[in-house]
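The structure under discussion is supplied below as C-alpha cells; questions concerning it will follow.
Letters A, B, C, D, E and F name the chains as they come in the text, with residue numbers starting at 1 for each one.
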Amino acid sequence: MLSLCQFNLSNHHIKIEFPEMSHAHVLYEEIAKDRNELQRFLPWANFMKSEQDEMDFLEQCRGDIAKGKGFPFVILCDGTPAGMIDLHNINYNNSKAEVGYWLFSGFQGMGIVTQSLKMMIQNIQEELHFHKYVVLADVKNKASQNIPLRLGFKYEATLKDYLYHHNRFHDLNAFIKLF
Amino acid sequence: MLSLCQFNLSNHHIKIEFPEMSHAHVLYEEIAKDRNELQRFLPWANFMKSEQDEMDFLEQCRGDIAKGKGFPFVILCDGTPAGMIDLHNINYNNSKAEVGYWLFSGFQGMGIVTQSLKMMIQNIQEELHFHKYVVLADVKNKASQNIPLRLGFKYEATLKDYLYHHNRFHDLNAFIKLF
Amino acid sequence: MLSLCQFNLSNHHIKIEFPEMSHAHVLYEEIAKDRNELQRFLPWANFMKSEQDEMDFLEQCRGDIAKGKGFPFVILCDGTPAGMIDLHNINYNNSKAEVGYWLFSGFQGMGIVTQSLKMMIQNIQEELHFHKYVVLADVKNKASQNIPLRLGFKYEATLKDYLYHHNRFHDLNAFIKLF
Amino acid sequence: MLSLCQFNLSNHHIKIEFPEMSHAHVLYEEIAKDRNELQRFLPWANFMKSEQDEMDFLEQCRGDIAKGKGFPFVILCDGTPAGMIDLHNINYNNSKAEVGYWLFSGFQGMGIVTQSLKMMIQNIQEELHFHKYVVLADVKNKASQNIPLRLGFKYEATLKDYLYHHNRFHDLNAFIKLF
Amino acid sequence: MLSLCQFNLSNHHIKIEFPEMSHAHVLYEEIAKDRNELQRFLPWANFMKSEQDEMDFLEQCRGDIAKGKGFPFVILCDGTPAGMIDLHNINYNNSKAEVGYWLFSGFQGMGIVTQSLKMMIQNIQEELHFHKYVVLADVKNKASQNIPLRLGFKYEATLKDYLYHHNRFHDLNAFIKLF
Amino acid sequence: MLSLCQFNLSNHHIKIEFPEMSHAHVLYEEIAKDRNELQRFLPWANFMKSEQDEMDFLEQCRGDIAKGKGFPFVILCDGTPAGMIDLHNINYNNSKAEVGYWLFSGFQGMGIVTQSLKMMIQNIQEELHFHKYVVLADVKNKASQNIPLRLGFKYEATLKDYLYHHNRFHDLNAFIKLF
C-alpha cells in the first residue's frame, strides 16, 4: 500500500514496499518452497516455520519503521513478493546503517537487488542523509558481494568469524559507501 | 520518504506521504501562522502549542499506521506539507472507517483534498477493502461538505451535538460511500 | 461487591454491579446455554468460547472502568447475573457515550433493561454529566429499540450497514438523549 | 458513583465509595488544611503536595481495585469525602489482608471508622472470603487501636520498629480477626 | 558469574551468587528429585513443574535484583547449586527486609544456611544499611528456627495462620535482628 | 555489593562490580571534574549533565545485566569508583561481544584497565563462552589500542568514519580475540 519507490526493470515493475500483513501468506509459502536454497546463507530461513511466524515478523517490521529503528521493505516484482531489502543496525549518532537483502531463487539473476539497493539508498538519503552504508556478505557468496561492488561500494575489511551458521563460524566481507 | 500515492494536479505535484519527523518543523510553523483560520472548525488547532507537540503527534501517527489503527498521511504539495488526510475510528470487524482532512489556507480552493481523498480511498481499497467510508463535516462548513459530495458520497444523517468546540456543541453531517 | 445502584422491580431485586471475576462462571455457563438466542443480534456471543474467555473479558471490563474508558456493569437479578449494561465509545471531549445492554432470555420481558438503563444514566450523570447518550439498535430488533424510546430517547438516524454479522451488513437505528 | 456499601450513622449518611477523580479536589484541600494533625501518625500526609499528587494517587487506587491488588475506598459523609479506608498487602494465597483507615479531624469521634470497617469487612467477605484481617496501629495511637478492639479483633503482637516516621522508628501493635 | 560473597566452610567452598539462567537445569533436576522433602514447608515446591518454570523464575529474580525489589541468590556449594537465600518484602521507607532460605536435602546439616545468612546480611548491610531483618519460620520447623537464633536474632511474635499450605493454615514464628 | 571478580594490583585492590545506585554520586562528581579529559575520546562525557543522568544510566545498566543485554561494571579501586568496563552489542547467535572501558585520569597509567579486561573476560567466559571479543579504539588513541594488544588481541581492521564526535567522523581500529 505504502511504498518507498517503484521503477521498471527490463519488462518488470518493481516496488519497494512497506510490509503489509497480507504479504505474509505468499512470503511464507515461497520461503517454505525455497527454504533449501535460502538457508545456504540466511540463518533465519530455518527458523521461519509457519505463516504466523511470518506475520509476527512483518508486524515487528512495521513497528521498526514507525520507530525509525530499521527500514525493512518487501520487494514486489509485478505485484508479487520477490524478497526483502532493509536497513538495520541503524546508528543515528554516527550516521551509519547496514544493508540486508535476499530474493527467492526464481527472481535472482535479473538485477532486481542491485537496482533496488540503488533506489532504496537514493530515496532514504533524501530524508535521512546517512554518512555510511555497510554491506556485509559471506566471503563465499560471490553473488552477494557483487551487488555492492556494482554500485560503487568499496571493500573495507574481512570480519573474522562474524556469523555462526550451519554449526560453524563464517567470515564476512564488509563493503562500504560514504556520502 | 514512503508514500501511499502521488499525482499531478494542474501544475502541482501532490504526494500522500507517511508522516516523517522532519515534517514537524514546517507543519508547526504553518499551524502557528494559520491557527486563526484552522481553529474555526478544527478543535486540535488550539492545542498544538509547540514543535514538540507536533513531533509527539507525528510519532503517534507513525505508530498508528504500523499497528493499522489509523492511517494519517501528510499531503505534500510540490514537496511542502500542505495539510493532512487520514482514516481513523477504523473498525475492521464492521469494515468501516472515518475520513478526516484539512489544508493550510494557502493551499485551499485548488481541489487538493478532493483529489487526495479520491486517490487515498482508491489506494487503501486495494489492500484493505473497507465496506463503508464516512465523512463527518460541520453543518456550517459547506466547503468541507462539498468534498465528499463531489466524490459521490451520499448524505446519511445529521448527528446532533456531535462536536464540542468554542464552548458549544455543533451538529455534523455524515456522508457515506459504500463499496 | 461494588455497585452503581440497586432497586426493586416487581418482586425482584436488581443490582448494577462492578464486574467480579466470580461472575465469570455463571455468565459463561448461561451464555453457553443461551448462545443460540444471544447470537441473533450480538456478534460476540459466538466468540465467547470458554470460561477463561469470559474471565479475560471481565478483567478487561474492570480495567476499563478504572481508566474511565468504559463502564460495563453486570446486571444482577436477585443476586444472579442476568446480563450486562454498559457505556462505551466514551468521548469526554465531546461529552458523549454509547449505551449497550443485553439479558439472558430467561430475564427478558420483565422491564429489567429499561429500568436499569434509566438508573444507570441517572447515577452516571451525577458524576460525569455527559451531554449525549446514544443507543444503537438493529433496525429489525424492535425489543431493543423500544427500550430507549420508553425512556424518552429520540430517533436520530438510520446508520447504513453499520454492523457486520451473520455474513452480511445490518442497518442500525440511533436513538439519542441530550442533557 | 460506585459504592461498596452505604449506611446511616446517627443523623449522617456514610458511603464507602470507589475513588473518583472528582474526589481529588476536596481531598487535597482538606489534607492541606488538616496536614498538621494527619501527619502525626500518617507518613504520607507530608508527601501529598498538590492536587495532582492526589489525582495520581486516586488513579492508582482505581487501578489497584480493578486488578484486585488493593481495595482503597473513599469514605463519604453526607456526600463529602471524610477520609479513606482500605485493604492492602493482600495475599490471596494465604487469604489475608491488612486494613488501613484515616479520617479528617473534623469527622473523628463519631464512630465513622468503626462502623465503616465493620461494613467494609462484611461486604468484602461476601465476595472474597479472607481468612485473616490485620490492623496495624502505632502503640501510642490509642484511638486507632480502639477501633479493631471494638469490632472483636484480638491483639496478636507488638512489632518492633515497624514504621519509620519523624526521623525515628515506631512500634506497631497488630490486631487480627480470623474467619 | 557475579557473586555477593564467597567463603570456605569445613572443606567446602560456598558462593552466594547472582542467579544465572544456566542454574535452571540443575536447580530444576534437583527440585524434582527432592520435591517430597522440599514441599513439607515450601509451598512453591509443588508448583515448579518444569525447567521452563525455573527459567522464568530465575529471569524474574535477576530483574528483581536489578530493580532493588528483592535480592534472591543461588547458594553454590563447590560450584553446584545447593539452594537459595534471599531478601524479599523489602521496605526501603521503613528500612526492613524479610529473609528466606532453603537447601536441597543433601546439603542440609552442614551449617551452610547459617553461615550464608550471616555473610549475606553482612555484605548487604555495607550497601543498604537496613534497620530490621525478619525471619519467618513455621512453628513446627525447628531446624529453620534455629538458624536465626544461632545468629543472634530474637523471637518477636507468633503470627497466627500466616501461611496456607497442605490445605490448612500454619502459624509462623518471627525472629528479628535490628541494626 | 555484587562483584564479577576482585584482585590486587601493585598495592591496590580492584573490584569489578555490579553498578550500585550509590556509585552515582562519586561517578558524577568525578566525571564533572574530569570532563575535559574524558570527552577527548568519549562522546557520552559531554551528555552526562547531572547526578540524575548518572542515576538513570546506572539503573539502565542494572537492567541490562539482568536481561543479559549488556554487562557494564564499575571498576572500584580501593573501594572508590575509578571508571567502568563493559561488554555491549552482545550477539548470542553469533557468540560475539564488544568491549568498552574508561578510567578517570587519576587512575590511568597503572595497568588497571588491562588487568580488569583480562579478568573480566576470564570470568565472563566461565559462564557465557563467547567466541569473539572485539575492542574498537580510535586510531589516534594509542593508549586505548595498547590495552587489547597487551592481552593478545589481534588487529582485525580499520573501520572508516565509524564514530562521529567533535563534529567530524573518526576511524576506529578493531582488535579481536577468538576463543
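Here, a residue touches a chain if its C-beta (ideal position, glycine included) is under 8 Å from a C-beta of that chain, and two chains touch if they have at least 3 such contacts.
The model shown is predicted, which means the values in this text are computed figures rather than measured ones.
J.: Among the other chains, which touch chain B and chain E together?
T.: none
J.: Would you identify the chain whose Cα-based centre sits farthest away from the centre of chain B?
T.: Here the answer is chain E, farthest from chain B.
J.: Distance from the CA centroid of chain A to that of chain B, rounded to the nearest Å?
T.: Roughly 33 Å separates the two chain centres.
J.: For chain A versus chain D, what separation do you get between their C-alpha means, in angstrom?
T.: 60
J.: What's the distance between the Cα centroids of chain D and chain F, rounded to whole Å?
T.: 50
J.: Mark out which residues of chain E touch at least two other chains, giving numbers and ranges.
T.: Where chain E is concerned, no single residue meets two or more other chains.
J.: Touch graph of the chains shown: is it line, ring, star, complete or other?
T.: Its topology is that of a ring.
J.: Taking the contact definition as given, in what order do you meet the chains if you travel the ring from chain A through chain B?
T.: Read cyclically, starting with chain A and passing chain B second, the order is A, B, C, D, E, F.
J.: Applying the document's contact rule, which stretches of chain C touch chain D when the two form their complex?
T.: Answer in residue numbers: 1-4, 18, 20-22, 62-63, 65-68, 123-124, 126-128.
J.: Taking the touch rule as given, give the residues of chain F at its contact with chain A in the complex, in rising order.
T.: These residues of chain F touch chain A: 43, 93-96, 131-132, 156-164, 169, 174, 176, 178.
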